Amino acid sequence: MTHVHIPPVRTLVFVWLALICFTGLTSAVSYLELGWGNIVVALLIAVTKASLVAWIFMGVRYVTTLTKLFVVAGLVWLAIMILLTASDYNTRNWDYRPAPWSSAKSVGGSH
Amino acid sequence: MLSSLRLLADIPLFPPAASAQASSIDGLYWFETWVSAIMTLLIFLAIVIFAFKYRREAHPRATQIEGSTKLELGWSIGPFLVMLIMFVWGAKIFFAAQQPPKDAMEVFVTGKQWMWKIQYPDGGREIDELHVPVGRPVKLTMASEDVIHSFSIPAFRVRHDVVPGHYDSLWFTATKPGRYHLFCTEYCGNQHASMMGWVDVLDQKEYAAWRSGAGAQGTLAEAGQRQFEQLGCSTCHLMDQQGRCPNLRGLYMKPVQLDDGRVVIADDAYLRESIIDPNAKIVFGYQPNIMPVFKGQISEEGVIQVIAYIKSLTPSTPASQQGSQQPPIVIAPQANGTMVPESFPSASKAARSSQPQQ
Amino acid sequence: MATLVANPPPTAPEEPVNYLNVEHTWKSWLFTTDHKRIAVLYILSITFMFFFGGAAAVAFRINLLTPQGIFAAETYNRLFSMHGIIMVFFFLVPSIPATLANFLIPIMVGAKDLAFPRVNLLSWYLYIIGAILAMYSVLRGGVDTGWTFYPPYSSTFSNSYVLSAAFGVFVAGFSSILTGLNFIVTVHKMRAPGMTWSRLPLFVWSNYATGLIQVLGTPVLAITLLLLAFERIAHIGIFDPAIGGDPILFQHLFWFYSHPAVYIMILPGMGVISEIIACFSRKRVFGYNFVAFSSMAIAVLSFVVWGHHMFVTGESVYATLAFSFLSFMVAVPSAIKVFNWTATMYKGSVSFDTPMLYAFGFIGLFTIGGLTGLYLAALGTDVATHGTYFIVAHFHYVMVGGMVMAFLGGMHYWWPKITGRMYSEAWSKFAALIVFIGFNLTFFPQFILGYLGMPRRYHAYPPEFQTLNVLSTAGASILGIGYIIPMIYLIYSLKYGAKAGPNPWGASGLEWQIPSPPTTFNFDVTPTVVEEAYNYGPVEEVIG
Amino acid sequence: MDASTLGMWTFLITEVLFFGGMFAAYAVYRNMYPQAFASTSVYMNVILGGTNTAVLICSSLTMALSVRAAQLSNRRHLMLFLVLTMIFGATFLVIKGFEYHDKWVEHLVPGFNFRYDEFPKYAHNAQILFFLYFCMTGMHALHMIVGLGLLSYLLVQAGRRMYSANYFAPVEMIGLYWHFVDVVWIFLFPLLYLIGHRR
């Protein structure tokens, strides 16, 4: 069997501390009014936390490239599902032609 | 024997092409059919020839061939190029089908288990029958009372799902007088198969004659007015002086400032939503919860009638009190994600530059 | 290959121990972890489901003999729904992966069993539980939503047994996930020394790709059906337009699985065809790398094309454009396969044994099925053909003309390996011919019907469509017979068939180097692989 | 690396897409009805949600420590940390139970007793969020319950001295599962509890 990597307690506790801090941070930030910034910050923090858990607690750091590839594949497929579904919803209202009653140019773009 | 022969002779093999779109789709259809036929024939021929020529008796020892990257790339890229033609061609037809001409005649369709209810602007109403004049673009605005239906006229090669919760639309120009099938092609329950009807394409004269017979009960807008009064809308929306609700005169297709800062166009979809669920979008300066929710109180047909009535309301006074209340109208995207069918021209996000006509 | 009559059953009591005769108790079957026994359990279960779904098909084809229909609308709707649900989720999805691949993959990679034998057994039990739930629906009166379960019909309006059917599909989905997971891990971890990726038989490649789709797609179906079930229970939910939900979102999530799922159904069949064509042309598959790579390309691309099921629903035109383009892309790897199989026969040494006949049938029908897919990928023609019999014909050409042909071909090819017996050559060739004729007669008229505009899922139709419908029903009865004949001679062969010997076809591949039927642990000694797949010489040198 | 690890990761990918279906629905509707979604924040208990997040993070730490203990053949520590993990997991479920109770009392269960008098404007669309809230947290809680079952199994086996530095794959596998459930919550917390600004 391949060698086993045993993470030091220090690392684990440090990650735990970071996760707790991030939880406080994300709660605190949600009280600020940042408009679209809120969701961006919340997701960034969540991704950071999840990466910490995956990287250290779940030991992605120590696994083979193959496993890493699998993890990435899972996330890519999740992205495919969400992005392609969103591609429908976010472009449904796109005005791809001049409105029949005016000569104003089209206003496109998702939000 | 003879009768069975006659039966065979009577098999229809190709549908009539009775709209402008039908011929363009048929063009692509035949292109695809030729490509398919040639490809199928090539493969069949290759199989038959190889199987015969290299049968074990004639060719006991196979010659091992590793493959040929050149050949393989060839038969990956070659077909793909042909498919690109299909893609562009198909997309062109599809996009054209999304853009009803401005002068299209409007007809309203409501799908309901298990019938198609048709309403004409002049007040004529039919079930499972649609009369249209030849040579004139017709735009259908469609709603569903219950489940997903799909409105399809094979002879016109048109089809669009009718999804509950919003308006869908399609348009066509009939080119050949006649009587054609009209089908529901999205399974919608027990009597799905009886959601069949007829489209009658009449020449101009016949159409005029047919039309004069219809509309005895008054126009669609008049039916809408009756609804409007029966449901008690008129007490507020036409003569309100206390600022409880917006005035509807001249509202149709005008930008509306909402209380959350968005600006939307008062199109069919907006009007429908404001009837069914008035609290969904509150006009700036008004309070929610004043207007009763009409969901379940009014059918989709009724909504169509009321919208037709609202369309018919012309501004009564040049400058009502609302006019001064409204903030300047800006060009802004419709910043909500509400479901507005993209094929619906009035659902445009583009707001016009500020020239309130009130 | 002798006929039945020529070879009376040798009454040999000294038959060597194999996986079939090692134990005979019920327990030894129901609690087995031997992948071969589980495969046999699967063969029995999916065959039962196949004939059940097939009976429903024959019944509603009879209904369509007359324009008014013979049955009540309700009966018809329940028949076609059960046909769809059973055939898709309980036959096509597990058809080759759970049977032939379950049997063969460990042997082909040189392993004693799959990576997780107990999980493999669990997956069979999940399949059975799912099937029981679905059958419960049938016994209580059936489900009438079609296999697609579109809300709001399924969530609010249908009065049939939607919940148990949906839950059955949900459970069977996990069976499929576990099978795929097992294959992926087995191919990665259990290959014998020397069995490099480029030496894997193409059947393994295609099932590996299938496994990826199963693992990545099926959970989305599971959660979607669960959300639908909650919506049906609570009478409100996220697909309900009454609260601002969008029924089309269900279709997005449903097709995110169900489009790749058609590749779950066809990819393993493609793998079977690669094996058969190579064996009966005595030739290495033309362009091994391209064929292997195309399986993987299909697995990936299949996930980005689902929107083509929704071109006329009100999906955004921009999304529509992208999905149309991507749909054409996914046609390329399938085309590569067809060309490469054909090229494999070039300068081969072709024989016409029954499996090869099915392979010919597969290539022909799959070609037609694939090409008619182009009509549906192109936006313009999709509008005209969507929701009509054109679609029905198209996917039956792929699913039945493709997958069922491949399944039968594979069964005939590996039957001697699985059972140790040969079947009647004459009867099997006859059956293959009947299936081919019956199939085309059933489904070709449906292309014409479709473009004429006949909508699918109609229990009654305008009278001018009758002739084509009668032809189709006539074909269906021939097809039905074509499926029953193999049942009979294959069962007959179990007792009276000639002993097959380890390698009746003179085929290459590890599975042919072990006895027929194999022993419980496949190999006495883990084999070491030193040569490429499909290392074929002339047939006389190999047959032993 | 052995087959079971790869198998577990493959299974977790399946789980990602299982929850992913709900996240996709969430994304679509949040984009469609941002204000209705934001209006629900009033009813979401950030204190309880935040506490639960912390509790789960603690359970993840103890889970990681149990795997470590198994790797070091430290049976006493292994059992101690497994018990701690289970206590944290149970605490999470109890708090979740209180939250569900509150939602019921406040008439926020779509399809059963939904009332949304404070924001009648969003009465329709907010039900989508609450429906998703119950589905997502419910599915998550179900995974927690399964996890607790698995942990009890580990505990029994650890008591029987089954695990040591030579064989600890089950501890590792179940640990992966447990962390994954934690990761799901890490996303659920901001998406369900921290929508829009507080008032």
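We just call them A, B, C and D in the order they show up, numbering each chain from 1.
Here, a residue touches a chain if its C-beta (ideal position, glycine included) is under 8 Å from a C-beta of that chain, and two chains touch if they have at least 3 such contacts.
What you see is a predicted model; the values in this text were computed from it and never measured.
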| item | value |
| --- | --- |
| Far-end chain from chain B, centres as C-alpha averages | D |
| Chain pair, most C-beta pairs within the contact cut-off | B-C |
| Whole-Å gap between the CA centroids of chain A and chain D | 17 |
| Interchain centroid distance [CA atoms averaged], chain A/chain B, Å | 37 |
| Interface hub residues of chain B, defined as touching at least two other chains | 280, 337-339, 341-342 |
| Set of chain A residues in contact with two or more other chains | 66, 73-74, 77, 81, 85, 89-92, 94, 96, 111 |
| Overlap residues in chain C, where contacts from two or more other chains coincide | 188, 216, 220, 242, 244-246, 248-249, 252-253, 256, 314, 316-317 |
| Complex contacts: residues of chain C adjacent to chain B | 69, 73-74, 77, 144-146, 150, 152-153, 156-158, 241-242, 244-248, 281-284, 286-290, 311-314, 316-317, 320-321, 324-325, 328-329, 331-332, 335-336, 338-340, 342-343, 345-352, 360, 363-364, 367-368, 371-372, 374-375, 377-384, 386-388, 448, 451-453, 455-462, 464-465, 467-468, 536, 538-539 |
| Residues on chain D engaged by chain B in the complex (per definition of touch) | 31-35, 120-125 |
| For the chain A and chain C complex, residues of the former touching the latter | 66, 73-74, 77, 80-81, 84-85, 87-92, 94, 96 |
| Chain D to chain C touching residues, read off their complex | 2-4, 6-7, 10-11, 13-15, 17-22, 24-25, 28-29, 32-33, 36, 110-112, 114, 124-125, 127-128, 131-132, 135, 139 |
| Residues of chain A defined as touching chain D within the complex | 1-2, 4, 6-7, 9, 12-13, 15-16, 19-20, 23-24, 26-27, 30-33, 38, 42-43, 45-46, 49-50, 53-54, 56-58, 63-64, 66-67, 70-71, 73-75, 77-78, 81-82, 85-86, 89-90, 111 |
